[in-house]
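Here chain A shows up in two complexes: once beside chain B, once beside chain C.
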Partner chain A sequence: MALELQHDPFKTPREIEHPLLYWVHKNLFSSALNTALTLLSLTILYLLVTKSLIPLFSWDWTVISANLKLILTGSYPMDQLWRVWFCLWYAALFFGLTFSMNRTRPPKVMYLILISILLLALLNFSLFNKVSMLATALLLFVSFFVGTQLAQQKKTIMVAGGWILLLPLSFFIIRGVGGFLPVVKTNLWGGLLLSLLISLTSIFLSLPIGLMLALGRRSSMKVVKSICIFLIETIRGVPLITILFIGYLILPMALPQGWSPSVFIRALTGVVMFHSAYMAEALRGGLQGISRTQYEAATSLNLGPTKTMAFIILPQVLKRMIPVLVNSFTSALKDTSLISIIGMLDLIGISTSIVSNPKYLSGSAQVLFFEGALYFVLCFSISKASMVLEKKLGVTGNIKK
Partner chain B sequence: MKADTQKEELIVFKDVHKWYTPEFEVLKGITHTIYRGEVSVIIGPSGSGKSTFIRTINALEEYQRGEIIVDGIPLDHNIKNINKIRSKIGMVFQQFNLFPHLSVLHNITLAPIWIRKLSKDEAETRAMELLDRVGVKAQALKYPNQLSGGEQQRVAIARSLAMDPELMLFDEPTSALDPEMIKEVLDVMTELADNNMTLLVVTHELGFAKAVADTVLFFDGGKIVEAAPPDEFFNNPKSDRTKLFLSQILNH
Partner chain C sequence: MHSQSKSIPLWQDKYKRQRLSQFIFALVVIILTALIYGNIVDSLSKIGMIPSLKFLRMVSNIDIGESVIEVSNTSSNLRMIAAGFLNTISISFLAIIVSTILGLIIALCRLSSNWIINKLAVLYIEIIRNIPLLLLLLIWYRAFFLRLPGIKTGIMAGERLGPNGETLLSFSLSNRGISMAWFKPNEHFQPWLIALVLSLVVAIGVLIFLKRREKLTAKEQRTILYPTLAFLALAVISYFLLPNAALTKEIPVMGKFNISGGLHVTAEWFSLFSGLILYTSAFIAEIFRAGIQGIPKGQIEAARSLGLSHMKTIRLVIIPQAKVVVIPPLTSQFLGVAKNTSLGVAIGFPDLFAITGTIINQTGRALEMIILVMAIYLGLSLLTSLVMNIYNRRVQIKER
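What follows is the complex of A and B.
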């Protein structure tokens, strides 16, 4: 005879009768403290919605739409904008290819990008920009599906090569060379374009330079060691603003007339140096986490110091250091905004100048909000990407429930 | 026990001293010769310098005075000599020291591919043969942390063998293992000895010493107190220190 349960034995009769009321009582009003906290949260929520969220939709956003080109690319010549688009297409190509690693169907994020681009294309952009946007989305998906057809090993090499070439190629295309592409001077670069170029360069260069400094600091050669310690400690001991000001004001005075490189190069060098010093110490911490016995095992196999570093130590260090590296990357991305202080028109610099225009005086909140949103999307993408990477490499260290 | 016909010197120690500071001397004048094909088992209390002794042979530790000659090559500061000597020597550690980020197969093929310049196929074929020989072929594609201690240690032995060494150093290879896994590792080592590999083994496994060793070396206070064939060493030790040590570990 089968025993049929009328009710879930773990639920009280009251819970079965009024599940919603029961939940509200149990979770929101079970004690005096809980009741007070619930009421407080509700008040805060009410204020947030009425004072912030609702006004957001009633704001006049023309300040953004009228200055969008400035915010994104600064004073980059209109008729040369296709060069910026070209770099974006190149990136889309390799994003598509990267997404196709170990996958046969596009991940959710690709559809998110597609939908965002389609929504953007509905807005009031010029025909050229609309076509360029759609081309970006198209390239992303085409390269994904081409990627799924390629052999894994071939694809890995292409993806790695593609990403390494991205920045040098972008600099080449965006700046141009006499005779081939008209030169666009760096003082015309601005907005998001400038912020991204500087921060991505510092991210890509700080890793190898930081690694060399970290290894140098651990070297048994006294001269190398002292030089590395000197560099790391002086650069790290000085605020980034000071380094930028030294490059901006003092370097031209110290060098003979006409020898000093452009402000862009000086700012870039400063940012790269600063982040390399930080990266060096972070990496040194990671290197110290590897047990001496790993070196001994490699040495006893006669691997030699370079191969030991490349095949045994670094793969373990970098894998473990993903959260630390992402931390540095996001802070590099955001710290770049300091270059606005030496008069460079990056994302922050250009918005300050937009808001100081009497015509847009009332739009400062909108501009700030838009900037914040841009930075958030960028940083969140980086950390999301790192989460995927960590999961793939199996280093989350999550405790399984 | 092997016949003592035409012994060939493989490692010669001449009055080797090692110290970290002059007051802290760990090897106090070691003079000893190890012959090709010989199995030497090194025993002694902890801190007696037995691990340091075998670690000087592949230059994991430096020594300050004296001379070590491995297969005719002087072990000095010349990096070329050190590399030549290291290429003749395989080493197995107490804590296995496998590379945790590489699969078992990659652990074994890495050095043959990059140092001996074998092709990937050659190296993998050879690695699978070795894994078969030590009895962990089925685990080739797993990662070290998915293996038991005994399996990891056998992989570590295979990894050393992949470099075709003339001599194997074992630094307490079974000390970190659960009792039931000790035998599987000792069996592999016995098999190596049967195939005339020269072995230097630091261990507390006296049974292994009795069964397999050609010479037992007893270390105390940074010196070789006694070196003798196992029969003589265990049944008729000459020095009082050896007698005391043996009575302590045999009578508990």
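What follows is the complex of A and C.
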């Protein structure tokens, strides 16, 4: 007869009798110091909630609801808003598919997104926007469940292709092309839309440029190497705002006469230059993580240096870099806030222009807090998603320990 | 050998191919640089300008709210840049010290076994790390300081009437900033300054003596505590021994439009400073936590089984090992603080970058000013990483 234990042998009798009390004692009041710390932090928490959190509800938040469209999309024409929604739906579709890789149940992040969308839908949007919002959430979950039914191989290709197409497609739709879709000039873009577009583009463009810089830095050719080191270290050694000023003030001068890039292009150039240098360093780290045996194996298969890089090394590096890339999107999103200093109406810049309206003069704190919440939800969920990806992709095989 | 190397065609000789491609690459870079420079000179000459540094000697016409050195709007542009540079240096130096201490405290809270303290630290770190620094600065400046009442109606403490009928204050908080009573050096300051230097010399002597004894006896000496104590004791004793007090207490006086005297911290300075320390401390806390958690559990268990106390385990086992891991990321955080000071431009703090922007606006010398400012920041970065590298080499665990 097998011996059957009624209780977990690793638990003390007190723990079994009063699990809650035991937990409270162990985690909050285990010693005199701990008790004092608990009481202190409870006081701080009490003061925080009563003195700052509760008064927030009594504030006048009409400045947000009246300017919601401005905060989210800037001066983008009202009747063309469906184009922004279309891009969001597309993104939601591939978000769902990406999450469905290697799993059958939705991860917590998806519920977080769902809840934020539902909360946002409570604000006073027009019916069309509310429906579009719910459609986004619906698409996310539908594509997830469809994704779970698809074959793994097919899905991988779809997801990769979808993400690569996302940015060009969004630009095409949001900017429009003469004759096909009415053109919406970049100076009308603003708010969250502009912040997201600039940071997404900067990641997409800084990846190839950073890759070239990283390969150049590892090159055995001295001239190439020193030029790459000079570029990377100069950009990393100065604040982003100086690089933005180069794009803003020097770029129009440096280009041939008659080319006058829009402020959007100038800001984008600065942001891309900055992120390329950081991306190069991240990629260099990734390249260093590949074991030498990989190069040796490729050589013994008679692959030249170019083919080794393209077919053996880079696929491994890029796969490893996906979580890093996703994470660097959050820092890009945060850094992009600086373009407001050179006068762009991004999420931060738009707040200045809203409160310069005498009607909303006293609303600056509300606008800033709302934008802070937006930044937090976005960056937090993206960094959580990158953690999920990191766990899923794992660091498998061939990686130098 | 000779004949063989000749028979290799050019495109198959790896060595020659590399030299050729390097040459082409260098050529392309040189041509591109020349093109860009030519374009810049062209567009500058269209508006009647040639790149030169003469404008640095011209009168700046800039008024700045605060400065470490004496400046006025008749000072030269160069002196203005120096003032901005010193503002950047002083605020980043203070912010680095304070945020390191704050970061250490938060890291300890984060590692605490106390559930509620732990969760509060997590909340702090997660919120701060997911918000742009610029937003934090704007919240401090626009949502806190600019919403405060003016100096006449601001928050005050210790109001009283002075001997000449003026209003004296101990503390004041308004939309202009913070004012409080402060000790300031007076005309009898010089003798005490000499005494301070002498006490520093003595303290260094004590340090050297203790270090030498540590080497001789192989026993741990208190190399931080005793020199510090020696310095403080000598400084205090000399202050009271000197016939005239070297510092006078200055009390802020409420004027018609502003508060004069005492220590005045402007709203811009305080917003930038508190934004910087809040932001940086969250990142530094994570660096410390990673450093401490990275130590294998076996090390701590081994220390315990050797009979080391809790404090000694921390001092002799955890800190020396964590130090090595922590320093490189900490260096980049410190550099980040110096660079992030440039965000002060958004709230009107006259740092190096803000003054650069103003000079560019007034003189149109964008190219020269941007190159100058980049050179200064690069120099600063190189200097910091040099110092930290030297320190890093000293604490690195020596392996044979």
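Observations on the model:
Definition applied: the second predicted complex is superposed on the first by the 286 of 401 C-alpha atoms of A that agree within 3 Å, B and C clash if a C-alpha of one lies under 4 Å from a C-alpha of the other, contacts with A are read in each partner's own complex, and residues count from 1 in each chain.
In this section, contacts are C-beta pairs under 8 Å (C-beta built on N, C-alpha and C of every residue); 3 or more make two chains touch, one makes a residue touch a chain.
Because the structure is a prediction, the values reported are computed rather than measured.
In the superposition on chain A, A:Leu301 makes contact with chain B only, not with chain C. With both structures placed on the common chain, the touch criterion links A:Ile44 to chain C but leaves chain B unconnected.
Looking at the shared chain after the overlay, A:Gln257 reaches chain C, while chain B stays out of its contact range. Comparing chain C and chain B on the residues of chain A they touch gives the larger count to C.
By the touch criterion defined above, A:Thr293 lies against chain B but remains apart from chain C after alignment on the C-alpha atoms of chain A.
Shared-chain residue A:Ile312: touches chain B; no touch with chain C.
Comparing which residues of chain A touch chain B with which touch chain C, the overlap is empty. By the touch rule above, chain A contacts chain B in their complex via residues 293-294, 296-304, 307, 311-312, 315-316, 319.
By the touch criterion given at the top, residues 18, 21-23, 25-26, 29, 36, 39-40, 42-44, 112-117, 120, 126-127, 129-135, 138-139, 142-143, 146-147, 335, 339-340, 342-343, 345-346, 353, 357, 360, 366-367, 370, 373-374, 377-378, 381-382 of chain C touch chain A in their complex. Residues 58, 60, 83, 86-87, 89-91, 93, 95, 97-101, 110-111, 114-115, 159-160, 163, 169 of chain B are the ones touching chain A in the complex.
Interface residues of chain A facing chain C in the complex, by the touch rule stated above, are 27-28, 30, 34, 37-38, 41-42, 44-45, 220-224, 227, 234, 236-242, 245-246, 249-250, 252-257, 330, 333-335, 337-338, 340-341, 348, 351, 355, 362, 364-365, 368-369, 371-372, 375-376, 379-380, 383.
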